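Have a look at the structure that comes next, please.
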Amino acid sequence: MAFFFNYQETTSEKAGLPPGTAVYVGEERTGPIKVTLTDYDRDNYTSLAELDEDNLKHLATTSSCTWLNIDGIHDVELIKKVGDIFNLHSLTVEDILNTRQRAKVEIYDNYIYFVARLPEFDEENKQVTLEQVSFILTDHVLLTFQEKESNAFNEVRKRIATGKGRIRKMCVDYLTYALLDSVVDNFFVVLENMGEELEELEEELLENPQPSTLHRIHLMKREMILLRKAVWPLREMIGTIQRDEVTFLGQEISFYLRDLYDHTVQVMETVETFRDIISGMLDIYLSSVSHRTNEVMKVLTIFAAIFIPLTFIAGLYGMNFNTAKSPFNMPELNWAYGYPFALGLMATVTIGMVIFFKRNKWF
Amino acid sequence: MAFFFNYQETTSEKAGLPPGTAVYVGEERTGPIKVTLTDYDRDNYTSLAELDEDNLKHLATTSSCTWLNIDGIHDVELIKKVGDIFNLHSLTVEDILNTRQRAKVEIYDNYIYFVARLPEFDEENKQVTLEQVSFILTDHVLLTFQEKESNAFNEVRKRIATGKGRIRKMCVDYLTYALLDSVVDNFFVVLENMGEELEELEEELLENPQPSTLHRIHLMKREMILLRKAVWPLREMIGTIQRDEVTFLGQEISFYLRDLYDHTVQVMETVETFRDIISGMLDIYLSSVSHRTNEVMKVLTIFAAIFIPLTFIAGLYGMNFNTAKSPFNMPELNWAYGYPFALGLMATVTIGMVIFFKRNKWF
Amino acid sequence: MAFFFNYQETTSEKAGLPPGTAVYVGEERTGPIKVTLTDYDRDNYTSLAELDEDNLKHLATTSSCTWLNIDGIHDVELIKKVGDIFNLHSLTVEDILNTRQRAKVEIYDNYIYFVARLPEFDEENKQVTLEQVSFILTDHVLLTFQEKESNAFNEVRKRIATGKGRIRKMCVDYLTYALLDSVVDNFFVVLENMGEELEELEEELLENPQPSTLHRIHLMKREMILLRKAVWPLREMIGTIQRDEVTFLGQEISFYLRDLYDHTVQVMETVETFRDIISGMLDIYLSSVSHRTNEVMKVLTIFAAIFIPLTFIAGLYGMNFNTAKSPFNMPELNWAYGYPFALGLMATVTIGMVIFFKRNKWF
Amino acid sequence: MAFFFNYQETTSEKAGLPPGTAVYVGEERTGPIKVTLTDYDRDNYTSLAELDEDNLKHLATTSSCTWLNIDGIHDVELIKKVGDIFNLHSLTVEDILNTRQRAKVEIYDNYIYFVARLPEFDEENKQVTLEQVSFILTDHVLLTFQEKESNAFNEVRKRIATGKGRIRKMCVDYLTYALLDSVVDNFFVVLENMGEELEELEEELLENPQPSTLHRIHLMKREMILLRKAVWPLREMIGTIQRDEVTFLGQEISFYLRDLYDHTVQVMETVETFRDIISGMLDIYLSSVSHRTNEVMKVLTIFAAIFIPLTFIAGLYGMNFNTAKSPFNMPELNWAYGYPFALGLMATVTIGMVIFFKRNKWF
Amino acid sequence: MAFFFNYQETTSEKAGLPPGTAVYVGEERTGPIKVTLTDYDRDNYTSLAELDEDNLKHLATTSSCTWLNIDGIHDVELIKKVGDIFNLHSLTVEDILNTRQRAKVEIYDNYIYFVARLPEFDEENKQVTLEQVSFILTDHVLLTFQEKESNAFNEVRKRIATGKGRIRKMCVDYLTYALLDSVVDNFFVVLENMGEELEELEEELLENPQPSTLHRIHLMKREMILLRKAVWPLREMIGTIQRDEVTFLGQEISFYLRDLYDHTVQVMETVETFRDIISGMLDIYLSSVSHRTNEVMKVLTIFAAIFIPLTFIAGLYGMNFNTAKSPFNMPELNWAYGYPFALGLMATVTIGMVIFFKRNKWF
């Protein structure tokens, strides 16, 4: 339930504050902030691990492509300084710091602002976390802000460093696309893990359904609700930038964006399919559990039913009518074969009932 | 159920009356009405706690920005007088007094009329109340009407008084936005409280589900229905004023409105997510309660099943066939070790059944 | 189920007849038909209780506003005659007589035709009936047709007679609006009554749920289905006449129509909210009934479980092994304190089981 | 289940065949094919029961209106010949023969092609069948194709023959409308029958719910699924021809089409309402059956609970401790009033338990 | 569950790779790849079973129509070579190799790219598989790529070879349509098989519902989810190419595309209908199983209830009060007809209870 708790606690702290106030809203963190400044064009490539203001201003004026990535946004002053350098609207700075945004795109005069949620699957707890990534795209500078250090963009970094593929031949618009593509690919990775989990659950469901199975199904269901909440606006956002001719995004990457959009739709459909499957699993669980209970109850009830008349017969011949000397008072007790007769009666009743139950297909 | 009762009782009183009749429709109240008149521009700021008609007319003609806030609308004559001063349509006056409106925006020639519902969480009863707030926006005058005194707008008042942020630099259109932003922020506060309540409920659900848990889940569900009914039209309303170029709302606050719209969407999605989670909790409750009952029943049934054959054996040797002197009549009773034999038989049956049940995984 | 029966029976009678055939379709009625002819302008007002053809034709040519209301439409010839006087299309006459229409608006060259359903709550049977009202609006004549006499429009009549409010200052377009407003107000009255019923039901549900409670919930649910079927097309219809510039409806009443539209949306949302609440009540009913049954069953099962070993012990010492003279054959029977020992054993078992059940929180 | 079987079996036969191949797809039929050729204008009327090619070609060139109706379409050659005479596209001929189409309209250069499904209620089996009707409308010729002879269009035929109403005054466009109107009216007839069935079912449900009741509810539900599948595209189709200005359909029948559209919407809403009601009936059935079972179980359990302590007491005094001569060994057995004491004890226990159960409102 | 496993495993392998990288994504296959090159015009027809590059380039420049079909796409190099010859965008090559696409159409300057999913019903496992088919359509060349050899297009091949129908008279646009038509027809074949399966299931359901029946219903449900996921985008895709005037698709085949679109809608509606029916079957299963269990339980409980008082009576007369010499101590035991009296008492109780149960309609 941690997600919901954080969610409310933090955004409510802002109630009443003037809009555009830069307040960090998110899990409390104190770790170091990692800054990576990458500058590249077709031929050159430099990478710095610190934020040198002058350097940055200089790069902003050259024609090379510059990518500034900041992992960790709890240092409000730093983010404000970056906002000042790149002339960002106060609402944008507020949005970067508020880590509970839904995916959206906002177009300003001098830059475009994207937000997306990057999913990661925690193998240990079998849980999905969703970190926020903000993108500021200007003419040839891309700023990205992540909540904490993650490996999601390492492959892209390697491609820039090695110059493989198209990435160095095009500028930051293609880089933006490549990073969004990594985000969408991460959804596929998460869904793959969930798919494996689903498979395991399904086997458990068929072989030995436990209350814990139900619990895991419910956790899966809730995670699907969260994933869905993250994917729908992402699709919307990518649809918007693909459909509208957005500044700073060159014509030549429209094919890529269309492809990306298709992938998001695919993610969305898989989420919906998983939801359908999970709700089917819930039905199977409930009906199989109730089937098992019914089976146990039925067998035991039948078992009891067979003994009921036997016990009655035993009770019958336990009556004390034999004390009165009358030929009508339990003559069976005085028969030489009284006891075998009683046992035989019991056997007959038992066999009769078993046949009756079998015929009615009760077991 | 108070909500529905009030709702109907009051609006039906109006059936048959001519449209545009000013009738107060809402909970009966008799408390004092609080009027606050705030006049400000970039440099000056005055605040009065009473409605001075002449003063008001004078302010309406000056270029300074004027905000008249009225807490409590059950004094119909006062509202009518204000309506006359500002030349409001009779339908608008009727709408201000009818506290059961859905959020909407109506554009008249000389003013715009907004209605929204302001949520408040009552900590004691763990209940949400929704009060109506009406806004009348003209060129440089803003009128707001609330059902009763509340603290929702205090932070904005402070910002005007202290002149912090943009608020004194812009006029009543920005003020309108700031107040709507407070309304939306209040939804976040309410949702945070609901989120904590949800968390508590969830723990209770997993540890010790009670019928009262079910009752609380149902109350949460109903409150979500009411919140949803309040948020959907709010989103619609803010969408309308953001999309259409609405008079009296300057171009420069369009960024703020877009931001506000995004927040309303976020509120709406959280409400929907909570609804999904609550319905999941209902399922968990029902299945866990039925699981517990099944467990109890199963254990008791198995327990009974074990004793059934034992009681039969005891009954068997309680039969009185030993009175007849026949070697076939219960020879066991005459064995020296008859009683230990019977006890042994019982023990064997018990052990056999326990093994059988264990093997079938019945307990 | 009466509604559905009438519905089909009557419309199917028309299968195969040429379209535009004037056939009365509705409950069989023979009561008198009440005609009211009201003629008014700003200064004059006359009201006649009979249909004088010449008079009517004369009024149709004067500039005063004329409202002809007919309560009861089972006199087909009368309706046809009126249709001829006002030059109505044969399909319109057919529609007026067919009392099972959904709300709609149809624009002809010389008039507009509206249909709406007027709800009324029958206090005795706690049931909602929906009567059809047809409106024919021309330049300055309004014809209305109701299925039977009702009080729904009395307030409007009074307003015309007394000349209060705007009604005499404007012509039949405002009158049309005022009547539609009465129709919508009646929905509020009905919903208020349903709301009270819901409240009663809810109390009953929490205190003493009975099968009759379930039955009443189902009746409420069905009435909501019918109300919904009546309100949705009404909203659509009012939306159409508000959006499109409809002839004969002056520009000045567009504000009123917008207001009316908002009210219809409010009715609709209340209906939807009630549906949600009713379905929640169904869930509560079912879970509370099953909870009660489970409680009874559990208590009785535990009760039985406690007596099972006791009965076994009693049976044990009812065995007849004491007849054989062997020290191994039920020595307890020969103990001096055998009986107290047996009773003590029983007490111990009972206490042990009660503790066991308590510890497992089974009661 | 016959519907689904036929459905698939037949269309799959066509897999792989070139599109536009004329293959009869439908139930196997060998009955005679009935052809009716009707030619009429304002003054003349002729009707032939055979397909005379020359005659037909001649009529096609005159200005009189010609209606060729073919009942039975399993004679592929005949349909092809008709297609050749009227110059129909091969896809149209294919569609006429494929009796599993959904309602649609297709506009070709020289004709319009409509398909609709005509419902018929089989009184005996209480089942609905849906036959396909194809319409080819040209300038003044209308071709209609039905799967088998039916009475659905007899009333229209009579109206042409007698010249009643508008039908002879207008040409084949009005005839098309009149036939479509008959189709829609047939839906009303079917729904009336279903309504009566529903009413019967409801009474059965309240008085004596049986498994067969459930079965009938499920059949109704399935028939609603099929009706719905037939009505939705019909509404769409009529909406299309009403909205778009379709060639061959004169301006003057647009009022009629609007009316027809409203009727289809009414059919659709009734189907949806019935679906809602049926799903409510399912809930009632399940809860009333489970209520009955619970009642039986509860009564029996209480009954057993009362006897359990009685049997224990009887067992208690059946113990054989009286053989030992000790004052502690069941002194009750030696009391003069021991037996009445035991009976009194049993009576006391019984009364006590009955009071306890009554107080807990368990029966 | 195999579908989901493959799905995720394979697409996640691509996470981080540069977009447009040609990687085979699909089940691991090593079988031979089958290439078929068909060249035809109105008069000539040649077919080659190998990919001769020069030949292909030559054909690409002639005016004859060329169809290159490749069954099996796991040879990445081959696909890349084909991509180079026809100048395909790297994203297209990537999409051809990624066998988990949803149906879509993408328009490039020099070609159109379609993807669809071809369903096949595996008779043995009663399972549906969905293979991906990619189409590249240029001016007069059509490339198709399938995952493995299949018979789906054999009929079309025969029609080209024999020159039957329109196929040789038109070029590759008609061929594209013919192949898409085969895809849609295959959905009908699959649905037919599912329909038969449904019928069987329904009979089983009514006669002898087993847990395995439930399992099969759930499998059907899941397959419907997958089919639905394949059909919806297909309909969308065909709708797009029918609505927009797509290059390379001549005007004359628009009628065919409209027809194809209607068929897809029909497939979709059948899938939805099947889903409705399956969910109804689930309800029937659950209610019939619970009905059966209830019946068994009820009969057994009644059976037990009858024996309970009998056993009590037997126990009563098994008490040992006869040892005390008192006239009040079980005088029945000393009666001459005590035993017959006791048996008679038992018989009376039994008959009384049977009558009671019958009267309450408990069995």
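First chain written, first letter: the chains are A, B, C, D and E, and each begins at residue 1.
Criterion: contacts are C-beta pairs under 8 Å (C-beta built on N, C-alpha and C of every residue); 3 or more make two chains touch, one makes a residue touch a chain.
This one's a predicted model, so the numbers in the text were calculated from it and none came from an experiment.
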{"item": "Common touching chains of chain E and chain C", "value": "D"}
{"item": "Inter-centroid spacing, chain C versus chain B (mean Cα positions, whole Å)", "value": "26"}
{"item": "Inter-chain centre distance, chain A versus chain D - centres from mean C-alpha coordinates, in Å", "value": "42"}
{"item": "Contacts with 2+ other chains: residues of chain B", "value": "290, 297, 301, 304, 311, 315, 318-320, 330"}
{"item": "Overall pattern in which the protein chains touch one another (line/ring/star/complete/other)", "value": "ring"}
{"item": "Chains in cyclic order, anchored at chain B, direction fixed by chain C", "value": "B, C, D, E, A"}
{"item": "Residue ranges of chain A touching chain E (in the complex, touch as defined)", "value": "154-156, 159, 164-167, 177-178, 181-182, 185-186, 188-189, 191-196, 198-199, 202, 255-256, 258-260, 262, 265-266, 269-270, 273-274, 276-277, 280, 283-284, 287-288, 290-291, 294, 297-298, 301-302, 304-305, 308-309, 311-312, 315-316, 318-321, 323-324, 326, 328-330, 360, 362"}
{"item": "Of chain E, residues touching chain A in the complex", "value": "1, 4-5, 7-9, 11-12, 14-21, 89, 91, 95, 100-102, 104, 106, 108, 211, 214, 218, 221-222, 225-226, 229, 282, 286, 289-290, 293, 296-297, 300-301, 303-304, 307, 310-311, 314-315, 317-320, 322, 330, 332-340, 342"}
